[in-house]
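The following blocks contain the structures, represented as structure tokens.
Across the two complexes that follow, subunit A remains constant while its partner is subunit B and subsequently subunit C.
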Partner chain A sequence: MSRQDANTMEPQSPPDARSRAPKPQWLQAIRQVFKEPKAVIGFAILGIFVIIAIFAPYLARFDPMNEGALPPLTPPNKTYWFGTTGYGDDVYSQWIYATRTSICIGLEVAVIATSLSVILGVYAGFKGGKVDAVVNWVTQVMLVLPGYPLIIMISSYIPNAGSQAIVWILGLTSWPAAARMKRAQAMTFRTRDFILAARLGGFSDFRTVCTEVLPNMVSLVFNTFISMISWGIFGEAFLRFLGIGSTRTPSWGNMLNASQNGNAMMEGAWWWFIPPGLSITMVILALTLINYGIDEVSNPRLKKPPKLSKAIRDKLRLQAAEEGAV
Partner chain B sequence: MQTDQPFVQAIDLVVRFPVKTKQGTKYITPVDGVSFAVHTGEVLALVGESGSGKSTLGRALVRFNEPAAGTIFVDGNDVTHVRGQRDLGTLRRQIQMVFQDPFGSLNPVRSVGQHLSALVRKHQGLRGDALRQQTLQLLETVGLSPASEMILKYPHELSGGQRQRVAIARALAVKPRFIVADEPISMLDVSIRADILKLLNRLKREFDLGYVYITHDLASAKYFGDRMMVLYAGQVMETGTSAEIIASPAHPYTRLLLSSTSGAWSRDTKLNTSVEAPDLFEGRRGCPFANRCPISTEVCLRDRPVLRAVGANHAAACHHADEAITI
Partner chain C sequence: MYYVKKFIHFIVLVWVAITLNFLMPHLMPGNPMEALVAKSQGKISPVVMHALALQFGIDNKPLWQKYIDYMTQLLHGNLGVSITYYPVDVKTVIGQALPWTLILVGVTTILAFLIGTLIGIVAAWRRNKLFDSIMGPIWMFLGSVPQFWLALLLLYYFAFKLGWFPEMHSYNYGDSPSWSLKFLSDAVWHSILPACALLFTTIGGWMLAMRNNMIQIISDDFIAYARARGLRPWNIMMVYAARNAILPSVTQFAIALGYAVGGQILIEEIFSYPGIGYQLAQAVITQDYPLMQGIFFIIAVVMLLANFVVDILYTRLDPRVRTEGASA
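Showing the complex of A and B:
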């Protein structure tokens, strides 16, 4: 048909075509993630902790760090819901504020590490050549350096490291593995036809990466983000437990450290170390479940076959029985 | 209709790729001294088997790889070694490409509308409603209707033929004057191949487009191509008008290719030849087809044959082209 035809064809199409638009893939993917029971449980647990973190000042009953003001080592009762520490702090209030600190640190570490890994990994993988060689070399070096000793060493050079120092130490040391993954995936895109087509269209590399490559890597980026949150929370707890940095910030790691130093185990003060320990476990469990859920959505091979309605199942069973009889 | 100056002209084009071997880095030459000229409104069909360098040649024209020797002129400008965003952009506003695999050439996470409108916005400077209208019109032009529905679809919701139409629309969005079509129908269902070729033909007339049509299918090359160039191991074996090459092939390779086409009359007279792959390394001697050719002689192994006219608008690179040998 000619161009004139094309113009006259236009009004014939239904005017409400926009409203009947097929859902974009990312929306469908999100919906699918929320159908995955693992992910739902994970999001529920994480949600509780996030709510606690947000509303910490309203939930806490005492000043979390007013050492010595309360009777030490009181078991849980009506006034002190989770009991008190050996230094005379309310465990419940401390735990509430510690949740806030730990969740914040987790998120901040995740933002720093994920951005670094995306920028370096995707750019190097997409560009190739010299850029890739240099970035890859740095990544290799960072990968080879042993993680824990490095972090402990850096931290011990910073006197009284506060939350922010810990965030940067963890963020700046945890990107290499994730960057390697992204580099590998970005490399596979470099020679795909739709990338070549975008280059033919005259789009810059930056534009091509943003509009063509990254949308294809959303699940991997999100995956990294989630694992980095749990690494941030765990890493902070681990550093604090070893007594690195300031002990004046309420955090799960600091609570564990204090209970260790205060001989909570010997005194039988289980209420002192159970809340932070359990919280770390629960949050990391929740994040892992979310990651599994996303994995199952983004990787169709892990997906279970769909559950058929009872009528169809019965019919299939009958058919199978008949075939067996024949 | 044809002006004196060809739109795309290649002169002695050579493309080399390094290959690491145990003896050090060697070079293979997938395109070795190829010359041709194509006007707008004209179709040159590049025919050859896998590894004959036809795709590499097509990609060199849009400068996905840089020729090692020779020259490419586009619209009179030497573009052989242009570099950088701006100059390559200028070239690619004139030459676009349609890829072989319609499943790989569209981004799975972007809708048809997103594929096209970004290009229309960039190259035609339209915004808002005009942008939408132009995008819809592009879809209608390539025969995708109703366009207002198509614009919202994602590649996985389209059939192979529809995807290839979107890919063609994407090439048109730039308003090019020339299109390199790299086996645009080979991945498609047989039943819709003709439709796509008809579409390309209609676009040729409508927009006065020139094509380099890359294919391994002689029948479609005859249907769509005004002229034909048969490549083997990166060298031109035979060139001429499609009708003449099909009617009286002069090169033994072309004859074998023709006789292996399904339904060819000479099917049972086909000779057995070696199945050895051609030598692509630099510094090879003689005719690249010599080790498979049923009529090769000593001279074929020694000297590289040059293209010689065997008729009006018809040339073949064979030492024995003018000898009346039937195979």
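Showing the complex of A and C:
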């Protein structure tokens, strides 16, 4: 598929490199990512879940939380596609709505954590001096504090922690590692020529960071964003499974918690705990694949070894296409 | 000088952790301790209530006074009394749980590190060959499985469905821990399922880390030189490449061993395995705040200690760090 694309695309562009209109770099990067099979599979799986999340009300067949109106613990059949829970809810409909909740939580956590890591990491790393010293110290402290026990402690102190509380707890505690990575990269920009040029041009620090530094860190920021979505989805499931702030809102974590409390295992109701767990697995796998795809495009060290021969092959193919055109 | 600096840093971090531990319940809206005391009025004996009141400062003393009291208690090694296990104190509960966690999580951490690193070495060496292309996806998939869900599946299939393994706990009810062969084999038997859940989900991380390090090292000139000298491939792989690539993994491993003390909260909870993680989960569920604080304290101190040791270790293994003064 991608090879065909390459074949059909290349003859269209004029052979003379100088006359070719320069494509924006990010567009090229995106095209590169989509040539990476791992990333394509990842985006496809993620896409399915996002579609489910968006169209949840149209896909659900029953009220996800109708409190025992259906026969409990029915195995999957034509009416109840994924069976019913021990409390008499349709697992399929619950799962559809849970997908919406969990994907949203993942995205929210990712937005919070990524913004914090960018603001603190990039700005401090770029700025240096006292700001950097303070921010870096806080980052170091946050990094070495035990993660899971910490979020458990915080959330168990909050009475009836709802989704929003969990989002903030996960978002506010998960930025340090990403911030440190960004700081390390931002520091390397400090002495580069183009940054010096921007400074001499009278750009403020803020403007320099936004227009010169950040565009060079897009892949790292995107990487963070992707991993933070998985962390948000997993973290929610983790906390909910422990029974922290459990509500009747359907989410993958709440479904797993309910199945555990409802003795799904002893009743042999595998259809109750397989869908949410498998969904978490698939989404995290999809996000991991996307991250790998990006890595392989953006990290030259991970490039496949036969670099030269591929370049030669491309050149040959281009020549062949030219000859064919002539 | 470097070590002194590191040690001071460590002490400061411990202080931060302790202070956080103290401040958290006080900063939350509507002190949860007070809610707890109000809720359990009558259920808990007045003696415990008094102990709790002292420990969490549910009186009208100013915050700094409470803080000093708390610090003094800690310095005397007093972690307070557990509510769930009253009148057993928190230290005893932790003391009983710690060996189970150390054995289960410690052993699986070591195993996962060894197996994962070895697979990573071979996968990088035979990059893009059959072994690499099979191992990569398998472990990537297993790494995406939420640990506790895998634990649920294993428990459901192998314990409930097939009945091959016990469903819960770390030894048969009624037995008391001893060093007899029967008890030990029983304990091993109980730990197989949780250990599998831990192993399957953590090997991938070690493998990937090692594989990536190896790939970078293999492209170095000295490997090409070793090849040109006609050394045996096995020798180049293990002695030349792996030895140089393993450093980041080793430090990660030391930190992971520190983490092991914290146990595996959900896995231990699912298998009712009486380790630290299980106790922490129970403390959360039953709102046993003294036990929670005590466990957090222990975990935080051990993990900070692990990080401190890693910093020291790193300078011994890689002298470049010491001269640059970078901490990570």
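Here is the rule we use: the second predicted complex is superposed on the first by the 284 of 326 C-alpha atoms of A that agree within 3 Å, B and C clash if a C-alpha of one lies under 4 Å from a C-alpha of the other, contacts with A are read in each partner's own complex, and residues count from 1 in each chain.
Here is the rule we go by: contacts are C-beta pairs under 8 Å (C-beta built on N, C-alpha and C of every residue); 3 or more make two chains touch, one makes a residue touch a chain.
This one's a predicted model, so the numbers in the text were calculated from it and none came from an experiment.
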Open item on the list: Per the contact definition in the header, classify A:R192: touching subunit B only (first), subunit C only (second), both, or neither.
Closed with: first
- [ ] May I ask you to decide whether A:V144 touches subunit B, subunit C, both, or neither, giving the answer as first, second, both or neither?
- [x] second
TODO: Mind working out whether A:L200 is in touch with subunit B, subunit C, both or neither, as first, second, both or neither?
DONE: first
- [ ] Have a look at where A:I312 lands relative to subunit B and subunit C in the superposition and call it first, second, both or neither.
- [x] neither
TODO: Return first, second, both or neither, reflecting whether A:I51 touches subunit B, subunit C, both chains, or no partner chain.
DONE: neither
TODO: Identify the partner contact of A:I30: answer first if only subunit B is touched, second if only subunit C is, both if each is, neither if none is.
DONE: neither
- [ ] Once the structures are superposed on A, label A:C210 by its partner contacts, choosing first (subunit B), second (subunit C), both or neither.
- [x] neither
Open item on the list: For A:A133 in the superposed arrangement: first (subunit B), second (subunit C), both or neither?
Closed with: neither
- [ ] Pick out the shared contact residues on subunit A: the ones touching subunit B in one complex and subunit C in the other.
- [x] none
Task: Partner subunit A, residues of subunit C touching it in the complex - done: 13, 16-17, 20-21, 24-25, 28, 30, 32, 35, 127-128, 140-141, 143-146, 148-149, 152-153, 155-156, 160-161, 212, 215-216, 219, 259, 262, 265-266, 269-270, 280-281, 284-285, 287, 292, 295-296, 299-300, 303-304, 307, 327-328
Open item on the list: For a test of understanding, state which residues of subunit A touch subunit C in their complex under the given definition.
Closed with: 140-141, 144-146, 148-150, 152-154, 156-159, 180, 234, 237-238, 241-244, 256, 260, 265-266, 268, 270, 273-274, 277, 280-282, 284-285, 288-289, 292, 301-302, 304-305
Task: subunit A-touching residues of subunit B, taken from the complex the two chains share - done: 62, 64, 85, 88-89, 92-93, 96-97, 99-101, 104-111, 118-119, 122-123, 133, 136-137, 140-141, 143, 145-149, 152-154, 157, 167, 170-171, 173-174, 206
Task: Residues of subunit A touching subunit B in the complex - done: 1-3, 5-7, 9-10, 12-14, 17-18, 20-22, 24-26, 192-194, 196-204, 211-212, 215-216, 218
